[in-house]
Amino acid sequence: METLARLVTSSIGRKLLVAAVGFLLCGFLMTHLAGNMFLFVGEKAFNTYARVLESNPFLLPIELALLGVILLHAVVALYLNLTSLAARPVGYAMKRSRGGRTWGSATMVYTAVLIGVFLVIHVKTFKYGVRPSPEDLYGLVMSYLQDWRWALFYAVVMAGLGLHLSHGAWSATQTFGIDHPKYTPLIKGAGLAFAVVVAAVFTAIPIWACWFLGGAR
Amino acid sequence: MKVTLRVWRQTGPDGPGRLVSYEAEVPSTDMSFLELLDTVNEGLIAKGEDAIAFDHDCREGICGMCSQVIDGQPHGPDKAAATCQLHMRRFKDGDVITAEPFRAKAFPVVKDLVVDRSALDRVMTCGGFVSVNTGAAVDANAVLVPKDDAEKAMDAAACIGCGACVAACPNAAAMLFVGAKVSQFALLPQGAPERVRRVLSMRKAMDKEGFGHCSNEAECEAVCPKEVKISNIARLNREFIRALAVSDG
Amino acid sequence: MKLESKTPDGPVEKKWDKARFELKLVNPANKRKFEVIVVGTGLAGASAGASLAELGYQVKVFCIQDSPRRAHSIAAQGGINAAKNYPNDGDSIWRLFYDTVKGGDFRAREANVYRLAQVSNAIIDHCVAQGVPFARDYGGTLDNRSFGGAQVSRTFYARGQTGQQLLLGAYASLMRQVGLGSVKMFSRREMMDVVLVDGAARGIVVRNLVTGAFESYAAHAVLLCTGGYSNAFFLSTNANSCNVGAAWSAYKRGAAFANPCFTQIHPTCIPVSGEHQSKLTLMSESLRNDGRVWVPKSSGDRRSPDLIPEEERDYYLERIYPSFGNLVPRDVASRAAKRIIDEGRGVGKTGLAVYLDFADAFKRRGVGAIKEEYGNLFDMYHHLTDEDPYQAPMRIYPAVHYTMGGLWVDYNLMTTIPGLFCLGEANFSDHGGNRLGASALMQGLADGYFVIPYTLGGYFAASKLPKADPGQQAFKEAESGAAGRVKKLLSIKGKRTPVSFHKELGSLMWDNCGMSRNAKGLSEALARIPKIREEFWRNIMVTGSGSEFNQTLERAHRVADYLEFAELLVRDAFERRESCGGHFREEHQTPDNEAKRDDANFCHVSVWEHQGPDRDPVLHKEPLKFEHAHLAQRSYA
């Protein structure tokens, strides 16, 4: 019990929670991305994938767990950010970075908010949106992504996600104390590569849908 | 050359504060920034005005008394240097130089550029030591320490306790300070017996003092006058995880 | 005044054992009934505070900085000596003892020095146990290096930050006791006075530097661990807050002051760059292990060093002192530099410097090896001078660095005031006329860890000490005296700043009582100091108030002390008509310009007793006997 208390009441413990949950979310991103690949294969493949997924009896509990994980990640991180505001009640008149911060690390809160807003819209449009026919999720997705404004919105959000991951992925390993002079640069590189790949492939979908399939409406 | 100093003036812990500008003649670029402040103060005293209060002592970058953020950076723009090691040759004629105190809830302002860093001492009372009484030691060579570990422990022990890491941290965290001390003892066999107790207790004290959390942005490492590395924070995290796993209760 | 050194009789190697056996003990249960005040948290103060608290005493510790970790011991670079003989090169307790007595030019108390050498090994053991990251060899054992004034490698080091690491070790032990509740820590306090009740030291008055309030604290004994008085010279390698105030207030209360003229000028400091200079920076003399000191052979040679061919360089230390070469003791190296510079052969913009050249060491050991050992010193030099010492030789010049003189103490470290003890640099006891490199850290820690824990108990067990409390009349009087002085400083509202007086005094001291001294210069200084002092009390300008954080007031208070103390220093230098160690009287030198001692007339400690504000102090003499280290002319040739 004391261990649990230490985990949730300490700054390091809370960071561990955020990091651990962050790792889980990275795993989710990869499965989501893999699923999305069916979009490139074609309408039939994607709709089949969607049907199989939706008929899985464990989908609801998994979705609820996912929601819980996302909320945990967000709530604990938000709480930590509030404590950091409290840790410096009077700010600097002038503050310059010495180069430790990156774009990714300095914008974590903003990219987080962007992703949060996106998630609501994303779930509303694709999970609860009206499909051309009950079996045609592909059609629903395309109806949005072939609108250049939606495509652009998706591209921007995915860039934000990439930025978030560019710091988040490596940061989580550091929080877990994974560090070695030989491997840390590799881990940092891998984190960055992961961020770029996830962002690039997710962004490729709306671009492909909009420009190659839809002819940019 | 001439520069303009914008200095944070605050009468006391609860007094109002503001940036006040002073025109200063720089007679020699070999002089240090603190010596320029000395000169400005001599002028102020001669006019019967209150001198700018700022902490300083050894003026060779080892005592850790300096507590200024200069032009937005703790200890100023030089790498691996404390405020006292900043020289006017770093600036040019006409520059406007802003000097503020380190800012953190745990470092309340005492006056002008002087802050109270006793929070760091209080964290040290909670495990920043090896519990060995005078007279109880074995022969110095009885316990062998690999050279590499001794060197790494020294890298961590080089911390001068100035608190620039806290001042630079976007979250005002003291993780580099605590990480350095926990690392020093985690790397040495002498620190092993109270490894678990130390990290749990120092962590607790650190949070209690109102320092923020670590967001792994390495601003602390970038400003540290002794170049203490964030790998010490990783080690602190490891020690904490280990302690959670092995501690009773 | 009767000076009883309380040195036990018997053979020197048995004296400390004998003393420890004869000192009475305090029952463990009774220890917590005794309160101890420790002023200063350098090596001596922090180690004493921690060790006494470990024994069970109730300890109150005071420091002037914001944290006890910042005391100036932290700036010591090179190392700490011990007679471990790990390198198997012929060291022993006897040799460390002998070297220290000889290095001090036979003006230290033999028994004290022997004890210092005896406990030196335990210090290393204890520091290692505390987690001090000393340099090590690949096999995991401790590494040693050689240091000025010694022909064996007995110096333990932690890069160029040995003082820092040792102090942090002692500070950590002190913080442990704070956590355990046996030490109460009071930072940002300046000691104003020591309070005597029934003739014994029973407390202190301090000024709270944040609020300006005067606070009184009572105890059964007071330990002054307040460092040296180098800042009497204004420019020194000491930190800005180092001051003589605590020791001086004790002197004015009746504690005798010994050998104030014994000041050490360190040879390897970074030269003065201009009028604005606020302090000097020292670089560890360990640099002399690998660096070679030289100047051009002809005076007025202003060529850049790389253009001066080998045959036109004078490696004067190697030439004059072939067996010790660049490793001669500090006083010898400093004076040699002064002589060379007086000949007009100084280098650099000001001509007030000599070269310290690593070119040969780079070739012999490789740049990497030199970097590993001295990297931080090279960086420090580079930072300060904007010159890269990997490319061009360093320029160095001597600077005031350490003071061997201090409050007179007996073998038990007690001053002439019962219950007032003095440890570390603040006392006079172990270094004589000159301190060897890496011995200051050793002495501070020896006093704090291994001497005072025994001798203080002996004092308590043998004394009757009724309860004292800050409400007593003596405390009130001391408080109002301190408050009166502060009030006076604030009321003058003259035209000159405290720093301007400090600079004036400092340059007078450096010119007339610095590296070499003569009767004429000293009498001039004796005549001028009272005049400066008189102007100070008429024309000082202190801004702000006494009830707030006020650094101008702090400085004024310290300068006022220096203006009194400096006179004693000069008077002592005037009276000691011989040259010994750091004290060089031009009238007393050998034909080859070395210090010439006068053992027939000056083989004693000069002990000064205060007689009141307007009367000259009285000189007492504690004769020094050398039964084991036989008096001999120091020779490093």
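Chains: A, B and C, in written order; residue numbering restarts at 1 for each.
Note that in this section a contact is a pair of C-beta atoms (placed from the backbone, for glycine too) under 8 Å apart; a residue touches a chain by one contact, two chains touch by 3 or more.
Not measured: the values here are computed from a predicted model.
Looking at contact counts per chain pair, the maximum sits at B-C. Closest chain to the protein centre (all Cα atoms averaged), using per-chain Cα means: B.
Averaged Cα coordinates give chain B a centre that lies 27 Å from the centre of chain C. Centres computed as Cα averages put chain A at a distance of 36 Å from chain B.
Rounded to whole angstrom, the centroid-to-centroid distance between chain A and chain C, based on C-alpha atoms, equals 62 Å. Those residues of chain A whose C-beta lies close enough to touch chain B in the complex are 1-3, 6-7, 9-16, 80, 83-84, 86-102, 105-106, 108, 167, 170-171, 174-179, 181, 184.
Against chain B, in their complex, chain C makes its touches with residues 47, 50-51, 54, 65-70, 72, 74-75, 84, 86, 121-122, 124-142, 158-159, 161, 164-165, 168, 171-173, 175-176, 178-179, 185, 187, 210, 239-241, 273-279, 281-282, 379-380, 383-384, 386, 449-450, 453, 493, 495, 497-500, 541-544, 548-552. Listed in rising order, the residues of chain B touching chain C in the complex are 11-12, 27-28, 30-32, 34-36, 38-39, 41-42, 44-46, 48-51, 53, 55-65, 78, 80-81, 85, 87, 89, 110-111, 114, 116-118, 120-121, 124-126, 128-141, 143-147, 150-151, 153-154, 157-158, 160-161, 184-185, 188, 190-191. The part of chain B that touches chain A in the complex is made up of residues 6, 8, 19, 69, 71-73, 98, 100, 103-106, 168, 170-173, 200, 203-204, 206-207, 210-223, 230-231, 233-241, 244-245, 247, 249.
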